[in-house]
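Across the two complexes that follow, chain A remains constant while its partner is chain B and subsequently chain C.
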Partner chain A sequence: MRNLKTDYFEDLQLFKDGLQLFWSAVLLLLLFALPFFVKTYYLTIINLMAVNVVVALGLNLLVGNTGQISLGHAGFVAIGAYTTVLLLKAGVPFIFALTASGLVTGLFGVLLGIPSLKLEGPYLAIATLAFGLAVTTVIGRMDFLGGRMGMNVPKISLGWTGLKYDQSLYYVIIIITILAVIATRNLLKSRIGRAFQAIRDSDIAASAIGINLTKYKLYSFGISAFFAGIAGSLWALYLGFINPTLFSFILSINFLVIIVLGGLGSITGSVMGAIVLTYLNLQLEDVVEIPILGDALLRFSELFMTATGVSNVSWFLTGFILILVVLFEPLGLYGLWLRTKIYWKRWPF
Partner chain B sequence: MAFFQIDNLSKSFGGLKAVDQLDFQVQEKEIFSIIGPNGAGKSTIFNCINGLYKPEQGKILFKGNNLIGRRPDQIASAGIARTFQNLELFAHMTTLDNIMLGRHLSMKASIAAVLGLSFKRSKAAKEELQHRRKVEEIIDFLELESARDQFVSNLPYGKQKLVELGRALALEPDLLLLDEPAAGLTQEEREDMVFWIKDIRDLLGITVILIEHNMQMVQNISDRILAINFGKPITTGTPEEVLGHPEVIRAYLGEDITQV
Partner chain C sequence: MLGQLIVSSLVVGSIYALLALAMSITYKASEVPNFAQGEMAMISTFMAFVMLSSYGLPFYAAMLITVVFAFVLGLLLEFLFLRRAKMPTPLNLIVITIGFQLMLYGFAGWKWGSDQRQINLPFSESKVIFQNDIFALTELNLATLIIAVVVLVVIYLLIQRTKLGLAMKACQQNINASRMNGISANRIMAITFGISSVVGAMAGILVAPILTLDPSMMWDPLLKGFAAAVLGGMKSLHGVVIGGLLLGLVENLFGFYISIEFKSVVAFAIIVLILYFKPSGLFDKHYVRKV
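Entry: the complex of A and B
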């Protein structure tokens, strides 16, 4: 195994070595071959995971890397989704609608970032929380956005691919997600990503070495919202129908849980967190059907939490996961992954 | 016109006058030390120069331009870098990234440009590598090779101080403010620090203002010294003049030294 570097560019290139390139290629092939082997249902699960990955990448940039907080990311996802639907209805081609959704949402991100220059910690959390709630309330009152009833999302023209609509949509979502991962990775390796992390670790030192705090905090909010907007656009597309209740406060919390579970400030963490939590949430919807546990949870829930049964079991569990992560592995799944890697590298010592 | 000049500077916190109508001048390529007992207002002067504090009155002139009212990042781009008394490092980043951050102002790649970073021929990658070479020179200069890829929070205190110095040097400043560079260092590390500060002035041609409590070091290194107490100057002059001054001795050791 070669450990020594001979060129500084080796720290910038996408794949560390041939082995990493090989496994990435295998994963890529697998992802692209998938639609020919699995049922549409599984494709939609992967779609949902991918959309969550895109939101998590953006949110992690803001929370994990820049050290700001947002409890209103569902609001950004909503803005992205509604922008896309409006533009598609007006006959704008999807690629432009997608870009515009990202940019419009990014602009909202910058606007929300302005109070962040003065607010910190809990105060910023409240401001972003209010933003998230306000977005859905406002959308709910606008008739041209479908109000509380919601809107159908026009299908985009993917006939030229020669595949079924669901399959083509899967490719669109996967490709954009992969691009988002690469973009985030390059951003974080660059002067801009470093500036974000400098602000997180010490804003005094960051300003003393010439980083304009105002500019870079707004960049971070803007980019984070851009990702959420792109994700919202994709989400609308595969749901086929959107209404304001989809973008609830719980969704914002869910995004936060994803990045904390996955690992704050880590791209691998964003990806792992989104995949694991999306899967868990889906599985927990059927938790009552588990033989003994389901029954016990149902009774527990009715006794202590709510009369409606186990609808909140997934929240209960995500809360529990968060506590475990904070107590035992602050770097989340990414931390676990790192430890495993180091363990195998050093084995048998 | 002096290279760097402070005119009638005052800064108070509530009723406490931390800096009180202070004047001093620093010549180009000088090593200028500020000494004084704890709470004399030394770090407050640095925070005013660096733009973290807004003084109530006075002027801070650097190459003839008044720095008052400018933000810290603007002052950094004017050519003033600093270190902090209680290290302000980017603790969750590596030594390399910390020092690369010192190059932030000289790097220009935009958000759109950095997306191409993983392509060797992209402008962003070329810029990154060019500045990486500069940073490696600093790592070489401060002998930080073994710490390059370590998170700075895992480094021993002496190395952390060097990383902070390296980050300041990466700005290629004209004026370097060092806030107690030797505090907490071992005897050996302190001797190395003296050697590096002299090199910074002699080889890199950077003017240095430093705050320091170690009198041996101050005497050894300074061209001129300013002694202050209660935010007011006691005296300015060569190390021999200042360190032998009765007022300075009294400020440091107390009133009744002769009677003990």
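Entry: the complex of A and C
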């Protein structure tokens, strides 16, 4: 098996060899056949996972690949969601509303990027955090955005597909997610993606070899926000109802947890992190329902803790898992996957 | 009215200043903004609550136990988690503190539920102790100011006048050189986290009677404390204290004269604006890294 790339265009290829192409095709087929086999409940879970994948891809571009921290991504998601709802209410077709949400959010990303160019570390963290807070506060105050009460999201017309609404919504979300994955992958292999990584590894060296820091940092903020906007748009459709409290600081932290858990700077990592953490969050929400463990936990809680607060175990476990990942596998789930793969590849040794 | 506003801004600002100081002490030592600071303060405040209400201890005994508890909590964060990270990037360390924050938040919710409780301090927030025609001061306000000043002075003396403070400063400047000179840098780092946790716990106890005691009570104050630290310049101890007072002032004046709903947002917006012109805060020198 050849491991080295001899040609520049080999690096750009979407699929390394026939085997990878085959498995990707199988995966695609599986994803497209899914709505006919599983219940609607599982489809909604997959939808949520897919939406988180899109945010994670964008955030990972900014944090993992460019090395700029953001604690305000929930704000971008909110802007995307509200833009979509406003446009849908005005009667704009969904495909244009989606594009517009991405572009508007991307513009906000660039706007946030401008004061953040000189900042790093905690200073950047505070600036992005302030942005996230400002967005939800301002939205909560605007009457035409529904204020604190929120707004209903109009259903989009998907009747022409001949499927049930949930099924067609699944297709919409999954297709956009796949496109987002491919777009990110191609972006990272391009000049822009390499510039991002150069800035992350050393901004001084990057500017010395002729990378325009201002331009590429703004690109990074803009593209990252674009993805968040698209995700927000999908999220609004998925939830059917939005209000400002959905897009809290906790949500931003949650996105950060996803990419750290999955693996910083890796697309596979973003996807794996989003899938695993979304599932984990949903499962841990009713931790008492787990067969034997749940009972034991409830008994323990009654003895030493409070039984009413037992759902808070999910926070505790999420935090603990997060720390374990950083301590023992800094590349996250992607690192775990990589190590397993390499182990089996050269197995007898 | 303006006099009253300024006094109450000073009170709120001194709480922000304590939190900012706590963040700044650990940031100077480890380059990590400790996001678990607020939750550590919250748990310590719950500890004080349990000691006062469940065990009925006198105030001073409860405070002593709380201080020891907070110190140990800070030691644990450094010893169990931060020290174990191998070749960490700052982002890794930030994520560890976020993980610790979630753990403590979950633990508090699990142990005490999300009921809102009232902590009984010996100084009430309604009894006015001092009044003239410019401003009035309640017992709690006065206690807040006094405790804040005492803590600030103690920290100042600790850092400027003791051997421990000298070792802390040495570790902040160059950790390898201080190791070579016989300072046990790991121990100093752990102690630094312990001290910062105690400072944060003081802020938590002072905040608890104003807000109600529940697991999420420190979220907002912590963000403000963090913002105040950034405003003053994370690495300058007197800067963060001034930053805290300034933030309290801006917030209260804006909240009273213009709009109470936007007061947090405007405070943050002003900070972002200041950072645009002074990227390392008001009182910290901005170092540009050279090759």
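Brief remarks on what is shown
What we mean here is this: the second predicted complex is superposed on the first by the 319 of 349 C-alpha atoms of A that agree within 3 Å, B and C clash if a C-alpha of one lies under 4 Å from a C-alpha of the other, contacts with A are read in each partner's own complex, and residues count from 1 in each chain.
The definition used in the following text is that contacts are C-beta pairs under 8 Å (C-beta built on N, C-alpha and C of every residue); 3 or more make two chains touch, one makes a residue touch a chain.
Predicted model, so just to flag it, every value in this text is computed and none were measured.
Legend: residue contacts after superposition of the two complexes on their common chain; A:L12 is shown touching chain B, with no touch to chain C. Of the two partner chains, chain B is the only one that A:N212 touches; chain C does not reach it. Contacts of A:R299 after superposition: neither chain B nor chain C is touched. By the touch criterion defined above, A:L317 reaches chain C but does not reach chain B. In the superposition on chain A, A:R194 makes contact with chain B only, while chain C stays out of contact range.
By the touch criterion defined above, A:I204 reaches both chain B and chain C.
By the touch criterion defined above, A:R185 lies against chain B but remains apart from chain C after alignment on the C-alpha atoms of chain A. In the superposition on chain A, contact of A:V257 is made with chain C only, not with chain B.
Between chain B and chain C, the partner in contact with more residues of chain A is C. The interface of chain A with chain B overlaps its interface with chain C at residues 204-205, 208. Across the complex, chain A is touched by residues 50-52, 71-73, 76-77, 81-82, 84, 88-93, 97, 100-105, 107, 109, 111, 114-118, 120, 124-125, 128-129, 132-133, 136, 167-168, 171 of chain B. Within the complex, the chain A residues that touch chain B are 8-9, 11-14, 182-183, 185-187, 189-195, 197-198, 200-202, 204-213, 219, 223, 265. Across the complex, chain C is touched by residues 63, 67, 69, 115, 118-119, 121-123, 125-127, 129-131, 133-134, 137-138, 141, 204-205, 208, 249, 253, 256-257, 260, 264, 301, 304-306, 308-323, 326-327, 330 of chain A. Those residues of chain C that touch chain A in the complex are listed here as 27, 31, 33, 81, 84-86, 88, 90-92, 94-96, 98-114, 215, 219, 223, 226-227, 229-230, 234, 261-262, 264-265, 268-269, 271-273, 275-276, 279-281, 289-291.
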